[in-house]
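There are two complexes below, and they share subunit A, which is joined by subunit B in the first and by subunit C in the second.
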Partner chain A sequence: MTAHVTRTIEVDPLARVEGEGALYIKLAGERVSDVKLRIFEPPRLFEAFLRGRHCSEAPDITARICGICPVAYQMSALQAVERALGLRIDPAIRQLRRLLYCGEWIESHALHVYLLHAPDFLGAQDVVALAREHRAVVERALRLKRIGNDLMTLIGGREIHPISPVIGGFTRVPGVAALREMVPALEWALEAARETVRFTAGLSFPDFDQDYEFVALRHPEEYPVNEGRLVSNRGLDIDAAEFEDHFVEQHVKHSNALHSVIRGRGSYLVGPLARFNLNFDRLPEVARAAALEVGLKPPILNPFKSIVVRAVETVFACAEALRLIAEYQPPPAPRVEAPDRAGVGQAITEAPRGILYHRYALDDRGLILAARIVPPTAQNQKRIEDDLREYAARFATWPEEEATWKCEQAIRNYDPCISCATHFLRLTIER
Partner chain B sequence: MVIGCGNDARGDDAAGLLVARRLRQLGVHAVERPGEATDLIEAFAGAEDVTVVDAVVTGARPGAIHLWKDTPPPLPPAATGSSHGMGIAEAIALAGALGRLPRRLRVYGIEAARLGLGSRVSPEVLAAVEAVAQEIAGVGAG
Partner chain C sequence: MSSEPRKPRIGVFKFASCDGCQLTLLDAEDELLSIAEAVEIAYFPEASRAIGKGPYDLGLVEGSITTHVDAQRIQEVRRQCRALVTLGACASAGGIQALRNWKDVDEFVRVVYANPQFINTLKLSTPIAEHVPVDFELRGCPVNKGQLLEFVTATLAGRTPNLPSHAVCLECKRRGVVCLPVSRGIPCLGPVTQAGCGALCPRYDRGCFGCHGPMESANPTALTVQLRSLGQSSEQLARAYRGFNAWAWQFRKASEECERK
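This part shows the complex of A and B:
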């Protein structure tokens, strides 16, 4: 074995992840002696903001947490508040929300697959280098992402932070004709997404199968987006209301964000790999076929293949959007009345990066007494550390720059939306 | 075309948005965008002459005004205060690689001090917002 030489590598900041944070790895010889993902910004700020505000403000306030997945925040917030208020939502509203969420999955996955993660696999420094070599690929990415954004704009009223979703429904709903106008673009997007599956499956992946507990929603009929029970490959099967009985958040000294673990078991994985492995049978035929065509079937245990799974989920989101538009009948009213009452409500939805949990306790005027938000990246944080403890050892003797890049690529497997949980990400490797 | 970029929820990162709002008060057409790279590239589409305003972090004093007026602007990498992985510097580089740069592109950077969630805009940055808006309005819509 190598003598215990320690050294430090610092990259500042870590690029191509949403938001910013820091990673510290300590190598003792060829062994990884410490891994710490640090998150600097107080993640509980929004929970404090919400106290004393009226519950109708929760969706818009929490949507500001992230510019990439505002719909996820709105959907979890809306559904948790609606549960606290005991509201029944029209099925057409439910379908429209699912359609809005499809738009977010398309834009978020297109951004991550092509612009943030693909350059790693192609040896390109970034998407600019990728664009010089593979211009058509980047043009396809931009158009695909645009279509996701257009769908969000059409239903949400605005692209970045949709304004139309409200407690009980929408302020206004689109007409059938307006939605149908999206069909040609979505048909193009579906083909582009299938091409994306082939493109990503042709990348090369390191051997890195890991023993994960996968956690995702599961719905009786659908690939999970907005609803379902929370399940895992190790027997978890709970309602959103039971989330805090099974998942605990631990303070760790090195990070402001909390580490989320399953009580009695430890770290777990949320996001595309978990959804795909637990819900393959719920994918529509076209998405399942796209996966099988490239030999992708569950269980996928290699986190680097999440890029292919994201592409398959983009096929799903395009096909599902087309189905929802074909079946769309506007609801009798855009929203149901939402009278104030005291109560507690929880909801979990599938953000592009994984499950997002919200809980609200309301008083009889509908004011928020307490709020709890558990974003997907915070849940994956411990799992990212666990992966890197294993993976970084392979590069212990590599030059600093290349070892750092390998670790960054591994972090990007999780599409970490660290802006949901934090700000600056900086990478330090100490040897 | 004038594009003000930023995030209202992150203190001084609102600088570009505030310039756009001030310009509209002054009768100059200006749009507000989040500053995300792919969105900016699309905002460039078909425009001959673009002025972008955003908060930057270069280590200068808070409120310092930077102007990059060569096309493409030689922005220092990761200088923009965006909380996202790809900001204006990346947008310009990517637009260049894709042949989508406007013929003339200027970038005003306003040095940010406070970028925390929910923090207020610094007085130095507010003063710079006014100065940049007056300058752009003075030379026309850019």
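This part shows the complex of A and C:
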């Protein structure tokens, strides 16, 4: 009687995620008795070695937490330090940072939608296998991804670990003509992104609506990227400076990983689904139309549909990039001076996979006394395990290989970046 | 009728790192599909569920060694790879996480983790070459895409890759970039840093900060004197050498000299 046998599903290593992790699920009959998303990415101890470094180094150093979303780290670090220093940033710099971030959203979303997640829906091991049957789709994906990278390279110098963003602005800003040269490519990308919405909406999704607390930034006018208050669908509405009053790390018995929870409530979800559900009215018309065309409107409660939402956000990022380029006027100076002073500053920005919190305390020479970084994957980790506890039970009687693949797909709904999470998640070695 | 020659098998392995160097492979958007046709990408967990067992003709290794488990794993990876190449500053020099090497790692762990007893980490973050023989080191934080493609193409063609070993300075001269320290007093590690980035930072009005690590014949002691004359303090200079390639011996020595003064 297989239904009453205890069996386990183990995936080691977990593929098509950024970083090294493994999954462990224990099934007792058709009941899930244990779920562990195990992180064996080695700890790199960033918060410790940031102490004593100058605040101007924080953006470059923390970018090295994640090669997939370095701009997110740079933007959260820059803005937290600028807040500590009490700097006022030129509006043109602000717009250029948003444009740079759009490049990262396009690149990261194209990577995840097509190269990491779509193969699950289409039964392919990877993008190379996918290309054998869907060559045109993969070529579109790679070109779209490349345009995101090109935008980052133009502004930031290179796509992985850009070099131009600094405290107070940029070392150098692009001229109007150089940015305008990107317009035809971005117009193509906008169309490709709309096509991506149709393509992803045509995939098949399991029925799996869950009851989530969605957490994302919200800005008075814009779809959130770099700024806004932190809000949720259950009444949260705070400034970045209040983050640590509302979010705590919890040590859960079944796992040795630190879980981020909202004080008094529990797990929550950050990332595309949260942004879309809380900010649908802030999307530009073209992105809203692309969503509505395929019947996508908030609230989306099925995490598997995050792939469609990522596509809609790619439409947003392309359209927003075009708008920002059309309105671009170079700032009077690439950067404002940033004199050293003591202070504490926090910032939250929207990395492609969700909110990224930084806090720095500085002494009067601008040296870092303390740093705190809470990456999106650490925040989603408990939610991923909660999803799996629900979802894995459906496959209790399935053959090993198919059941395993289904569970992996459910993890990849979150585009988990384990490299990011690890300096914060607890690593365990069982003996 | 399979008279086609066997495709070279490639494995991509990750240790302590940010994933940026292996992402560079996926960022080769224009070349990715043709590379995948020319070789068998047998093991690349960031990109594929398929796990092809060794041995591999070429192993690309990202990341530094920071745990006991990884110190053992790199031995096994070495045994499985005919040629082993390190990708980037972590694998070639220990990475930014090598900043622990000057500090008390137990104190570091207590700062970051609430239950330090769960953390099993080594006192030092070390490059791959301190553990196993390495056939070639690709530098950079991250590796340069052009250099990575040149390396892969040359290896497939059986020729020596054309990768420069001179200083970033020469790249500025070649590109006609005006010297930042000389003309504007901006501190720059270009004279001691290996080329490969195309003088990226100077082209963006920023002094080189040493992503590609020290060139072999680097003379940081002389550079330190020059940078002091631009007003850099010992503390600032020690931090400058102590970046992503801090544990590379030339930079290590330079930073320790600065600390002593």
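Some notes on this structure:
Keep in mind that, in the parts below, the second predicted complex is superposed on the first by the 405 of 431 C-alpha atoms of A that agree within 3 Å, B and C clash if a C-alpha of one lies under 4 Å from a C-alpha of the other, contacts with A are read in each partner's own complex, and residues count from 1 in each chain.
Heads up, the rule we're going with is that a residue touches a chain if its C-beta (ideal position, glycine included) is under 8 Å from a C-beta of that chain, and two chains touch if they have at least 3 such contacts.
Since this is a predicted model, take the numbers as computed values, not measurements.
Subunit B and subunit C, once both complexes are superposed via subunit A, clash.
By the document's definition of touching, of the two partners only subunit C reaches A:R172; subunit B does not. Once the two complexes are overlaid on the shared chain, A:D60 sits against subunit C while remaining clear of subunit B. Contacts of A:I68 after superposition: both subunit B and subunit C are touched.
Looking at the shared chain after the overlay, A:I163 reaches subunit C, while subunit B stays out of its contact range.
In the superposed pair of complexes, A:L111 makes contact with subunit B and with subunit C alike. Looking at the shared chain after the overlay, A:T397 reaches neither subunit B nor subunit C. When subunit B and subunit C are set side by side, the one touching more residues of subunit A is C.
When the shared chain is aligned, subunit C comes close enough to touch A:E47, but subunit B does not. The clash between subunit C and subunit B in the superposition falls on 40-48, which is one of the stretches 40-48, 184-192 or 202-210. In the superposition on chain A, the residues of subunit A touched by subunit B in one structure and by subunit C in the other are 13, 15-20, 41, 45-46, 49, 64, 67-68, 111, 115-116, 126-128, 131, 138-139, 142, 145-146, 149, 160, 419, 423. The touching residues of subunit A, when paired with subunit C in their complex, are 13-20, 40-49, 51, 53-54, 57, 60-61, 63-68, 70, 111, 115-116, 119, 125-129, 131, 138-139, 142-143, 145-146, 149, 157-161, 163-164, 166, 171-172, 249, 251, 256, 258, 334, 405, 408, 417, 419, 423-424, 426-429.
On the side of subunit C, the complex with subunit A involves touching residues 14-21, 23-24, 26-27, 29-30, 32-33, 36, 41, 44-51, 66-67, 69-70, 95-97, 99-100, 103, 105, 107-109, 111-115, 118-121, 125, 141-142, 197, 200-201, 203-206, 209, 211, 236, 239, 243-244. Every residue of subunit B that touches subunit A in the complex is listed here, in rising order: 7, 9, 34, 36-39, 41-42, 78, 83-86, 90, 93-94, 96-98, 115-118. In the complex of the two chains, the subunit A residues touching subunit B come out as 13, 15-20, 41, 45-46, 49, 64, 67-68, 111, 115-116, 126-128, 131-132, 135, 138-139, 142, 145-146, 149, 160, 419, 423.
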